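One structure, pasted below without further comment.
Going in written order, the chains are labelled A, B and C, and every chain counts its residues from 1.
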């Protein structure tokens, strides 16, 4: 057994009883170029131990993958480890006792001290026990801009959302789609959240998301957010793509001016060989409120009845959070590591921006943590409908929004 | 294997209880009985029961909430759009499949050459999966690279046909693919029915001097009633289940313009983690099937109880 | 012989068409008929043609956007990529991984479902017992129940039966490893058997009903029982309907997506699920040529079976479905 870190040796104690090599099946929905490169860092590190990684990628976003993951866990045929957004999504599975308790691994590795911001670990904790490993921090509120597109249009690369909107006509004049937008529901919903942070401000965001205040949802500030969102609709005319990375590709190739998307878009720019600051610009918080929401991905380990597998699961959990793996994984993924004590000098401009914001503590809760899947689904439905159907007025949309927030849980 | 069975039971002096009559048949029917009772009836009842509970990610049989899920369901725009889409898709695909199927069958029945080849061509899409059909038509209807662009390249500048990107007509884009896949099967069914009609009918109508089209409409179609019923039932069973096609072709988009109930159910159950709502929606689907099915079953089976 | 079989044979003997005889080779009616059929055939062939030419083009040519033009430069690269190189996550094995899974799902599913359904149909047609019609009616209703109603409870059913079997095995052997139906091939085979049952049972029941009563009675007088009559009289007579059932099941099961995606796991994914994975794993731009090649590869098996057995397929439908 190759033990490189203190963490690993700690888990090895648990593993010692059954030190046979096992193959762990790991499901996830990381199938784009950048994502696949990142996940293979996990696989590589895990294959270096005596165990091996059996990749169970499910294509087509979390929406496709989650049903499969959940039905397998419920059906008594759980995979050995799986990606899930932590927080509300897995709550019931944990409560039903279907997930492996990782508290001993977490204590051995003193996760409570290293995970930053600590909110991430809260998402994994239920009744004082830890059930998942956060692996990265993702913030959805970024604006990605193509230098090539703006050069074509003959205008400067905007510094924030408002400048971006103002430059739309010039982009159209140069036959460039101002805003690239994939058709999947979660992408339009994400864009709404980002515009909310930029136009409505952080206070509104917290009031609505954390406090679920229907009053805030009905406020004039919120109307302004809906108005801005409604105006953005026409900016994306002509971007008939489905997947997020197809939309990102429009930006990479200069066919579109920009895209509102999470920091994982970074991975695609990287795979395409583009350099931040030269070929593209990223604006956290759409350049208006430099702040990031701390969502992210986490891995859960469904309970198994084989002690050898359980030991390997714990080993994998410890491995995922170990410094080297964190750095390798997050550099490829374009996300921020969940521990503040690692060296990220290799990070590019965009990641550094994110790290600075994180260090300054300008963080917000993420929608995934704030809403139940049901409420999040309702909001997605509303957003995608509003985005695609220009006959819905701002007032109607906001009224329905208030209704959802009122009954949110 | 051979001679162990019911025939002798009857011949015996004292009949054993009725339960043992036809024992081998009953034994052989166990899988059917299991499927009918446990899977079809049992699972359906289970789902209906849980549609009245506040089940979220896991079934929660004890959290009874009455009609809450149904109220929420009928207040959701997405569900209403799904229903509307299914109604449009269902009506159009029913009528079009039958009309196209019948016309093609009638054409093929006119002693033409190459009948086998033509029939093979019309039926082959039926062998393909909905995923394949959806992807192929998604590609053809892609406005930037498919049919529309080709027509424009050929000089028809104003040609616009982008059903998959136009919320108003997207369901017809799905319909084109659905008809493409299913109409051949209907044609074959109807053709077989047509061939089952006595040659004398045609002779008689020719003697009477009745034109061919009149013979088809007033004599042949009424005689083919059973085949039409079979075709109708098979088509409608397929319509309610339409799922893969939409997922592969449009993913319900643009927006939620091409959502269908089957997709709504799956997504509410697993993705939105609101089992109760998903069960309520699937119960509504079941109800609409029963509304169509019960009168039909009554007509078909109720009438001839003597069997 | 009863009507259906007679019809099928008679129509074959009389070489089919019974409509009014067209008069001359170039009558206006004929031109209309052949013209219409030509247009119709083009509509049905168009997607296949487009898929084939697209799959033979390179990406630069695909981007030009003329879907009808034949490839300027024929390349088989997309086919190779679709079969053995396309990636999902870090697996870059293309469709080949799904192919053998599909075969291993297909063979037992087809055999078991047909075996069970033919016995069902036989029992329903010739050995009615009290309640048999009720079960049959439920079964036919079952064909119309949206799958969505049953998907979730079946997950639970599979889990519980798996645990039940484990418990049973452990009575005999303390160390028996736990037996799982959910996610395993056998679980999927059961699901396919269950959902294929209504239509197949209907098919067989209708066919066996058309077998003359006298034949059946004579066999009983000779002392043959349930299984005796089934194996010695019914089976040899019903090859055509078995072929039809087989074709329906092979295409149906091969093309299944919903059950494959819910009741299996990545190692056991059938080809359709694999196809969907490949098509949805976009790396940069959508490679339509690879997608089309993958789509064609997935459709190949049912197409080959269909083309090879086209006439039997049609005749079988005539025998089974028409007598509704």
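Things to note:
The rule we apply is simple: a contact is a pair of C-beta atoms (placed from the backbone, for glycine too) under 8 Å apart; a residue touches a chain by one contact, two chains touch by 3 or more.
Quick caveat, the model's predicted, so the values are computed rather than measured.
With chains as nodes and touching pairs as edges, the resulting graph is complete, every pair of chains being joined. Set side by side, the interfaces B-C and A-B show unequal numbers of C-beta pairs in contact, with more at B-C. Mean C-alpha position of chain A lies 39 Å from that of chain B.
Centre-to-centre, using mean CA coordinates, chain B is 15 Å away from chain C. Shared contact sites, meaning residues of chain B that touch two or more other chains, fall at 144, 266, 269. Within chain A, contacts with two or more other chains are made by residues 67, 71, 74. Taken residue by residue, chain C touches two or more other chains at 152, 156, 276, 279, whereas all remaining positions touch fewer.
Across the complex, chain C meets chain B through its residues 3, 7, 11, 16-22, 33-34, 36-37, 40-41, 43-48, 50-51, 54, 62-63, 65-68, 116, 119-120, 122-124, 127-130, 132-133, 135-154, 156-157, 193-194, 197, 201, 220, 223-228, 231, 251, 254-258, 272, 275-276, 279, 288, 291-292, 295, 298-299, 302-303, 305-307, 310-311, 313-314, 317-318, 321-324.
Residue ranges of chain C in contact with chain A, taken from their complex: 87-91, 152, 155-156, 158-159, 162-163, 178, 180, 182-184, 261-263, 265-267, 276-286.
Chain contact summary for the complex, chain A toward chain B: residues 63, 66-67, 70-71, 74, 89, 91-93, 96, 183-185, 240, 242, 372-374, 376-378, 381, 384-385, 387-389, 400.
Of all residues in chain B, only 1-7, 18, 21-22, 24-26, 28-29, 31-33, 35-44, 46-47, 59, 104, 106-112, 115-116, 118-133, 135-137, 139-140, 144-147, 149-150, 153, 180, 184-185, 188-189, 191-197, 199, 202, 206, 212, 215, 226-227, 229-230, 233-234, 236-237, 240-241, 243-244, 247-248, 261-262, 265-266, 269, 275, 278-279, 281-283, 285-286, 289, 293, 297, 300-301, 307 touch chain C in the complex they form.
Per the touch definition, chain A reaches chain C in the complex via residues 25, 27-28, 30-33, 36, 39-40, 43, 54-60, 64, 67-68, 71-72, 74-77, 79, 243, 245-246, 249, 252, 268, 271-272, 305.
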